[in-house]
């Protein structure tokens, strides 16, 4: 074949990379993460999920404009119009503790009277305020719990994976032990022992959810680090003489952490459900605090009379369900994207 | 046509992917004679496996789909058959073995159970008969203490042994055609030699036709009678084996042969390299898919996709250029 | 295989010890007075009696000493009687339900077990069946419907779901009652004529040949089962589906098809057994989920199980009772996980034979 | 100290027709129903067939859905909670029993008759013959005497026996240990046993001398330390139950001798063999007891009167209101505990109603409901059917209007304790606008100002939806010493201002209003008013006070603070709380049972009442209880009322009125608010 | 062979055993003897090919030489310095001179770093004085050298095809101007047409920069093409070492003979004439290697009483031709 003399000029081939065009975002995120992100954005369900979450972020950010707080009062304390246990229907007039009318109300409704838009709950707490300001509580508790559990999970998981051996063994057994108690029961107990010590507030519940919420993350991050640790590019970094610390922070963690981060961001929604469950069991915030779990718990005794009092269940219920569903929609798509890794986690 | 055991005409298969529709097989036609060994050669992604899976209707759908073509087996179009009908062809008339013997066997089933399945299904044997036959088959493919090893699980077998089991399973119902999809790629070279020897022996004994898919031109040289070379979902060269190696006529085939170092080379020669990379076709190509990498490329190549044309008896090439002269054909 | 099981078994005492330490750690949030419920039944009636109890049971001693006492109890030198001692089954006294925690647990647990068994069964069967169907017909009607249903289901707070079910199926339709058993049947069950083989009413009813009682028990358990399982089966579905999808992509499935096996055999003989391997692992986690779920479910449906008792203890901050439950749950789950591990080894020959 | 659960039970007050079940919820009452329709509950207020009959699926079993069934103890001498009381009242019996719905009239039960000596100190009861305990033993006079002796000797300080101890040992001697070592060994058996055996024997002898059985004559003679006006009321409750001496001894109880009694003193439920078994003479026998789950009683067919109409009574614990509600709707529960807050849901489903008539002191006739107005309050929601008109056919019977037997009182701490590290509830602990001084409430004007600052009207309409009346005094309607014209506090913001200006908290002799150096009026104050978490009524009380006071002067800050129950109780006992709400559910319908706890007893202690005030009340109590003439008693308690008002020791809040429901097929319920539960003997179902 | 015969790397009796844990208490019950006494020299400027079937320990040898695995025994002397005894920073500095090219071009590049960062990283970590600008320039030069457009420095690895990624890997290895590069199967994951590109590039770089390669591969023909000398490994030990021509012309070890005969040659005429030595069975487990000669269980000429008793010495049978076989004299 040596006699064959080709004639064409192929130097242009040098400038061809990639089979398909690759955008800036993809380049920034890297292929695996990009696959996760596009996977999420391309699924219609998860797109709806993002829209829902965005909507709630909007409400949380503009809460003071949507529902102006009572002068001189803690805005997270739901304004209470009287003391009666019977809920009052939507559109009922404010009698006491009437907050300022929000700017949007009159132009939008044409009404001049600021009313209980969504009615009042048992104890005359305004449901509208509870929902609007509760959005902030939902994000705050969700973010705080998620951030804390994530932080603990990452630190513990990284230590476990990085040091291996006995350290790993002991940490993982501790994780096993913590996982033995059903989450809700464990959180319930911790919140119950903490509440008499520090009073009713968000803190005991959050502390309990944090204390028993980090194990999943540490397991995942540990597994990811262990698998990334074995990748060739980590070995390649050692070959070129990169220091251990740089290997960990530049090569291992950036490649191991993303799925955990995405997972964690979705757990922000779950926290609300836990809060609602614990509120139902009587472990929650002080009465009247703008927390959806509590607003919904106000409704617990009226759910069986929905024909009359539907609004006290429906509004907080729908809010909470939509909020959680937002995350669940994204999460469901994520599970498909991350598939094998997600196995075993509900 | 009647002498063809298998006659594939105009086969087209596509896959739906997140990036678009991949045109994996783009109108492939070929025939297989009784008792013939046909080598199908090409690089990964050239459509060689998909072609064969399409013929047996084993393409996962979705995402894959056979969009056009016919595949006659003894005059019956496999692609038009009912599911029930094709089931009786698969395993019984046309058997297939795969690249990775590790994953081709069901890990939670004993070897014996997997072996007797086609026997009971296609040959109507009862369990005892099937078990006895399974032991014979294992013996036939050279597995020592065959009857004892029937109750083992795949993970207790070595890679080469597993591929032997696969062959035994494929041949258990005396099929007319054995389709081997890169069956030795995952194996070491000495094991590969064992398997090839085994297949040659069985071919001689049983007389079935073989379609051997591989990227290794070396294997084909020693095994096949006729060779198809595929690129970008097209057959770009088809020839008797001797003729192909003596007179490769497509620039790709030439490049491929040139890029292989030969064990028997004496003086070190610089390898002939094909620049660029094989295409993934998101659109059905209107030009020659090899044109971007071709050193003989001319204007026509960019405008029209050449069809297979006979350049010498039983030697057909899809190229506008006569590489011997460097001019248009 | 044996080695594997022995290794798992050896781990159990360590896990148990870990659980006890964890629980005891939480006890330290209580004041010595409250901790006295670990040993004595009544609230001490005056300060002196209180001091005596704190001293007698060492409730003011260093933590490790208290832990030891908590494990083995305190033996009265004079009478030789032991009080406390979780190792001897004394989990303390439940002041909210006026009986020893262990008695409470033992009287309630069969009910919860009965419920969980009946809840797990449909979870596993329905979840797996749907999961397989969803995978086989990916993006088909079953797949989409199951997915939508599970997303909506998992977005609902359990108690809202439960009370809604109660309103619809009990108050309005009168089909499924809350509670354990109709009073007339409860009378039969409590009588001597009814033999208690297992303590689980459904099974005992069948063993006694009382089909009417069996049906009534199931009728009472229907809504709790539904509520308990609606999240779990979604999980099972999802895991089965993804595992099945992955399995269906495996080459041995293609091999099976290439052998000419009917699609039914390909799916149920070849793919499904392999797809079940991760599902088995999930089963352990699902027991965890169910035991957590009974807390709210049993409360809503007034089902006399340990969950309802735990919820009541929680609302009244009866921590000793709750810790008793936690410990008990821990033991149950360790056993459940062990069973799952062994099951896992049985399902997967690669684990079994290595 | 005693009957602490009553503090929890403010809500009970609400629907108090019967004296309550669980600590936080209200009981339900029952009454005969007019014939009407449907077994399946009709959805809400729908049109019903013209003639309807209400019949139960199972007419022999009576099911009650309670919020909790947990029985403290079934030992009649020790039981002091309503849940235990309900079981005891149906299984055990005493010498006398309430006369129907009356709280202060008594009829013979195990006593056939009784006589009283002229001075009112010696009571002789003739014991009914032919009465058998559930185990078949014959009841004798000796059993009666033994039961009372046993109670007095082994009851202990935390038991209801203090109610009997006072008549037998004298006012203030509320436990046997008071006559042994002045209460030093109260509730502490170890300490008691260490006393001189002679003293112990003497105490026992004293008890046995005071209660003497004459088996031959079939009488029991009781000699009191002084005349005791409400003596029959005292023995009519469960702590007056008669036990079988032989059975008690067989089961390891006290053998009736003075040598051993101290070993049984102050028993805890855990070492009491009788805490979960019963052997009374009552119309029902305990069938099974599953704590927190259910209690089943079955009919005593050997009852000395006609056997009960119900075969079986099942008390189910159903903590979730929604579940109880659906059980009522489905007709599976005959009665259910309805929290006041959830009454409006039940109200919609009321098809017949009955209203209490204060004049006759009874409930009026049952009337079918023809119109329901959800905006009205209480019984005014319903319009009775005219003659011949068909009712709405709704399934429940509602009952309204009888004043309850418990009330809450705002209590001030006269000397707030300040442990090391300060007391968070009084802020800085100084008169600097950021706290209060420990003697803040020792100033009478401050207390009065707070009294005038409470808004009864809001409280009654908002919280109680009209189903409460202002409580004017500690005594309840119908008691000696109850007068409608008693002076009382009412919302008067001008007077609040005036009283604050009269106060002199810096003790410089100049009233705050004129004090140039500044006093409470100018500096203001900040104080925390705690309530037990979950008790929304108390939270509201605190919020109403806080709102009105800050309206007067924005430097007056009352912070409302929810505390967990245990923390609340602890702070209260340690006398840390500057201002609190104290509730009481009466044991016997008598003013003594109110003044004792609120002045010299439990709450007086928690208020740190100065000795001189306590002594003044003690004098009234001694006098009042020993006086047999109701009119004279009335006068004595009237003076006590006046003193309580003048000093503003506490501010009584409201008396709630009854509001209860049952299925319409339930018949024969006796609606006596003092009953700890239902008396099932008279109840029947259609 | 114009080698100056100046030894750059001397591997002596190198062993790497991986412990095996079993049982209830996870005690060490044995070891995978991945490398079990390997000795060879690598001369400056040459390419030493290391060939063997999967599991024979060739990759482990490469990595142990690089001290990525801590050797169980033996020494690795590089330019007079025993790498085994080097610790921490010293070893890190030494890495500038010894580099590696990995098998899997998809796994060996950190997906979160740009090509520029990947290639610049070795420069950055070793040369503290260098500025970002200088790094950029050097990266551009390196990209040019491996025939990639320097403009791609800001791109991420996943945008490149396999062959291009392998070039990036090569550029990274060259960044520090090393003396010695371990090429760990650098082409086996690539398509046939791409393999030649990479091999040619490696050859060009060697010529241009005077590099020394240890070229590890299972593909005998490619190894033979690129190497000056070839070592054949089997079960953790080197069986034969000779220069390329000698090894092909006169393979002495029966394993080498079998290996050579198993490699298919892309020439049908030749293939038809070849006589194959087919080895029986599979490679035994490295946990329990056969006694004596490792190869005796599959050896066609093994002699009981000789080969199973002692491990044959690895000796120089002819100048530059080493063999470990009892039967070779």
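A, B, C, D and E label the chains in the order they appear, each numbered from 1.
Everything that follows uses one rule, which is that contacts are C-beta pairs under 8 Å (C-beta built on N, C-alpha and C of every residue); 3 or more make two chains touch, one makes a residue touch a chain.
These figures come from a predicted structure and were not determined experimentally.
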item	value
Labels of chains that are neighbours to subunit A and to subunit B	C, E
Lowest number of touching-chain links that must be crossed from subunit B to subunit D	2
Result of counting contacting C-beta pairs for A-D and C-D, higher pair	C-D
Approximate Å spacing (C-alpha centroids) for the pair subunit A, subunit E	49
Rounded Å distance, subunit B centre to subunit C centre (Cα mean)	54
Averaged-CA centre spacing for the pair subunit E and subunit B, given as whole angstrom	32
Touching two or more other chains - residue numbers and ranges from subunit D	43, 320, 322, 325-326, 329, 564, 566
Interface hub residues of subunit B, defined as touching at least two other chains	257-258, 272, 275, 277, 293
Of all residues in subunit C, the ones touching two or more other chains	163, 166-167, 171, 299, 311, 317
Complex contacts: residues of subunit D adjacent to subunit A	43-44, 320-322, 325-326, 329, 339-342, 344-345, 348, 458-459, 461-463, 465, 533-534, 536, 539-540, 543-544, 562-564, 566-567
Residue ranges of subunit C touching subunit D (in the complex, touch as defined)	34, 40-42, 45-46, 48-49, 52, 93, 96-99, 104, 107, 163, 166-167, 170-172, 174, 177-179, 183-184, 187, 190, 299-302, 304, 308-309, 311-312, 316-317
Subunit E - residues contacting subunit B, complex	53-54, 161-164, 191-197, 199-200, 203, 218-222, 224-226, 245, 248, 258-272, 274, 276, 278-280, 282-283
Complex contact set, residues of subunit A against subunit E	14-15, 17-19, 22, 27, 30-32, 231-233, 235-243, 246, 250-251, 254-255
Contact set on subunit E toward subunit A in their complex	63, 66, 68, 91-96, 98-100, 102-104, 107-113, 121-122, 125-126, 147-149, 152, 155-156, 158-161, 164, 169, 172, 175-176
